[in-house]
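Structures follow.
Two complexes, one shared chain (chain A), two partners (chain B, chain C).
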Partner chain A sequence: MVRTKWHRLIFMILLIVFWEGAVQLKFYNPALLPSISLIIESFIKGLISGELSRAIFYSLLVIAKGLSISFAIASALVLLSRAKAWLDDLLTLVMTIAHPLPGIAILPLVILWFGIGEKAILFVVVHSMLWPIVLTLREGVIRLHQQYARIGTAFNLTLKKRIYHLYFMGSMPSLLTGAKMGWSRGWRAFISAEMVFGIVGERSGLGWYLFEQRVYFDAPGLYAGLIAIIMCGVLIEKVLFEKIEKGIGLRWS
Partner chain B sequence: MKRIVAIILVMILVIASVGCSKSDEETKEKIVIAEQFGLAYAPLQIMKEKGFLDESLPNYQIEWVKLGNTAAIREAILADALDVGFLGIPPFLIGYDKGMEWGIFTGLSSAPLGLVSNDSEIKGLEDIKRTDRIALPQPGSIQHILLSMAAEKTFGQADYFDQQLVTMKHPDGMNALLSQGDVRLHYTSPPFLFEELKEESLSLVVDGETCFGGDFTFIVGMTTETFKEDQKAYDALVQGVEEAVLFMKDHPDETIDILSKYYDYDLDTLKNYVYEQNIVYSTEVKGLESFIDFMTKNELIEQPIQTEAILW
Partner chain C sequence: MKKALITVENLTKSYGQTTILNQVSFELLEGEILVVLGASGAGKTTLLNILSRLERDYEGSVKYAGDIFKDKTVPLPVVFQDFDQLLPWYTVKENILLPFERKEFTPEDKEIIDFLGLLEDLQKYPHELSGGMKQRTAIGRSLLSDGCCIFMDEPFGSLDNQRRQQLQVLILEINKRYGRTILFITHDIEEARFLAHRIGEIDSRGRLSIVDKAVYSSS
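So, the complex of A and B:
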């Protein structure tokens, strides 16, 4: 463990040394490779002026909204699919059709239907998140059903209790897997949608921030935007999800 | 320790290989020129089809590439994949301000630009609601700067509309206007401006000249300092553009014939667009200082820029 950390530290230091070395030696045009201090300066400036912090906040807000909507829809779909076999078959069919479609691919169509703005972006994000979540949730419920169906019958549980204690609590691990997949797909879809289609409203997220840095040719700003995206990703994947996982792990292992 | 050595080796390899591939591309006998779509770029298509450059530079290989937008042109130039590009003055200035070593070697055209609306209620900037979306190619484009200039004149605030912008290519912007969705306005240029103003449901809110407060050059040609050092090629380039502009004046029929390959209009419409709608093809550069002043004042460029340094 300690050894790995040393490696990481050395790698980061080397990266910084090589980076700054290339900058100082004027290996590349500064518009291509700005110095690290400029990037950090741009990052902090962006946070303080609110331009970058608002973009971060809004991006996370959209993802949070997308996740809640996706989970609501996914739970409803999975519950329905457990009721009748033909419903389950239909759901599988819809998933087969919709799952391979990347969110960004349907954006032109979504713009025609919903116009440009938060609704369109949210639709793309939900589309990207929904199907992996449905998939993992459905699998989790099926697995639970095989394991615990008899308990429900043996203890003569009411439907309400069954849904909460068996299905909901039991599906927590798959909920988490679904959330992780949903998050990573939604996050990518959101950033690319904003970048590719240049949608901007009253509020805009990190994709637009990057796009703006690009059109204004602000290389330090571009790198600062990338750092923000990486930091959000690390924070959510490594900190938030791992914490939740540990919390659940205690109860389920 | 072995791993550390391995990491160092990989990093050296990566940096070295990027460095090498860069120098490989600097083959001297090739000139790469970015070609854009739009009637304001017509002399380029003449120059290409008539082979003016190939004639004066027989030892050079002239390569024409198509790039999506002005940001892509800047990036290609920085990556050493492009020698010559044609674009609006503002995006050129932004690149120069950020340290790109390039300059304007010629003007190409002045053209009517304009803000078009699909809402007959909108007769001036003050009629635009905060919820109305405005489509234009991208922030920092000449269309955006002209809109900001008009906003400053009307509201005293250059970034008044910045929260309402939608980035769209001209054809998409035109479709968005016609589909009567959220996009109420489109800041565009010929031929899209002409096409839009033919539609009964669309009307001009303000034209580019009013926004700018006078005449200005729409498209300029720019190239890098490295390219300029090759005096022979540079002179041929400047001359090639001049020749193309002259050719368009002297041979309207052949010009239209050539352009019809690029622009999908019938010959009469094309002739009307090119010769009768106030597009002026000229190597003169007008309005440079006003752009510099406005963009400096609004902090779109940070360093003071002398016109002599950028107008070659």
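So, the complex of A and C:
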């Protein structure tokens, strides 16, 4: 474990050394490959001026909204699908159709429906997140039903108790797996939607930030935006999800 | 003459063309431990599921003594063989109280929990317990339930000999101390001889014959 961390550190140092070396030796056009100090300066300036920090905040807000909506819809769909076999079959069919469709692929159509703005972005984000969450949640609930349904029957638990104690609490690992898959898909869809199609509402996120830096040909700003995207990803994946995973890992095993 | 808590008459259960239980008739008497023996797939669990009302599709009649069950539609508590009967995300206390509305133990509950030796482990999660303690937890949940019957489906099948013997003694004490009637399923003849007041055996034709323990031991 410690050895792995040393490798990572050495890799990062080497990357910085090569980067700075290439810049100092004018190996590549400095307008396209700015020095690390310029990138850091742009990053800090962006945070202080609020331009970058607002974009980060708004991006995370959209993702949080998307996740909440996706969880609510996924829970309702999975609950419905457990009520009747034909509903489950219908859900499987819809998943088969919708799951492979990348969010960005439906964006042109969504723009026609909702126009350019937050609604369109949220729709694409929810579409990207929803299906992996439904998939893992459905599998989790089926497994829970096979394993624990007889407890509910043997002790005559009310429907409310069954849904909460058996299925909701028991689905935590599935919800987490779904959240991890959904978050990464939704995050990519969100950045792409803002960046490629340039759709923004009253507020804008990191995709639009990158879009603007490209328009103004601000290379340090572009790299600063990329660093912000990477940092958000690492923070959510490595800090938030891993912490939750550790918390529930043993208890739900 | 002991009172019959459950009277079974001509009970037949089939899965497709296969008859698992064939014209089974017997009485489960108040305060007894009736152990049902049989080979794997003989229909022991099916019989237990029908009597505990987990399975309701059968032919024949199963009658319950009127004054012993508060609600005749409610299934009766079952202790299963495997450890999946405890929810891993809840503590021992939460698992025991799961079927009830109360969030804390009553003094009577505490007495039972103490008797089962679970007082020290109430805040532990199932993965922190030995197999024996997991079964004690499941037994505790059944003991706290209403009704005077407990159904046990090979509850010690996954335990080592030492823990199995400890829990067998515990079952006898539960029967004596709390007067609970117990229907116990096993394929272990020694276990049946140790626990039972009467022993039933399901044969390959799905027939159940019940004999007194002494008769069974000498046969």
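Criterion: the second predicted complex is superposed on the first by the 251 of 253 C-alpha atoms of A that agree within 3 Å, B and C clash if a C-alpha of one lies under 4 Å from a C-alpha of the other, contacts with A are read in each partner's own complex, and residues count from 1 in each chain.
Heads up, the rule we're going with is that a residue touches a chain if its C-beta (ideal position, glycine included) is under 8 Å from a C-beta of that chain, and two chains touch if they have at least 3 such contacts.
Keep in mind that what you see is a predicted model, and the values were worked out from it rather than measured.
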Room on chain A for both chain B and chain C (clash or fit): fit
Partner chain(s) touched by A:Trp86 [first = chain B, second = chain C, both, neither]: neither
Once both complexes are placed on the shared chain, angle at chain A toward chain B and chain C, C-alpha, multiple of 10 degrees: 160
Of chain C and chain B, partner touching more chain A residues: B
Least C-alpha distance (whole Å) that remains between chain C and chain B when both complexes are overlaid: 41
Contacts on chain A seen with chain B and repeated with chain C across the two complexes: none
Parts of chain B lying in touch with chain A, wherever the complex brings them together: 3-4, 7-8, 11, 15, 19, 70-71, 74, 78-79, 91, 94-95, 97-101, 133, 138-141, 163, 165-168, 176, 179, 181-183, 300
Chain A contact footprint on chain C (complex, rising order): 52, 54, 74-75, 77-78, 80, 84-85, 87-90, 98-99, 125, 127, 141, 145
Contact footprint of chain B on chain A as seen in their complex: 7, 10-11, 14-15, 18, 22, 27, 29-32, 112, 115-117, 197-202, 211-212, 214-219
Chain A - residues contacting chain C, complex: 147-148, 150-151, 153-157, 161, 165-166, 169-170, 172, 248, 250-253
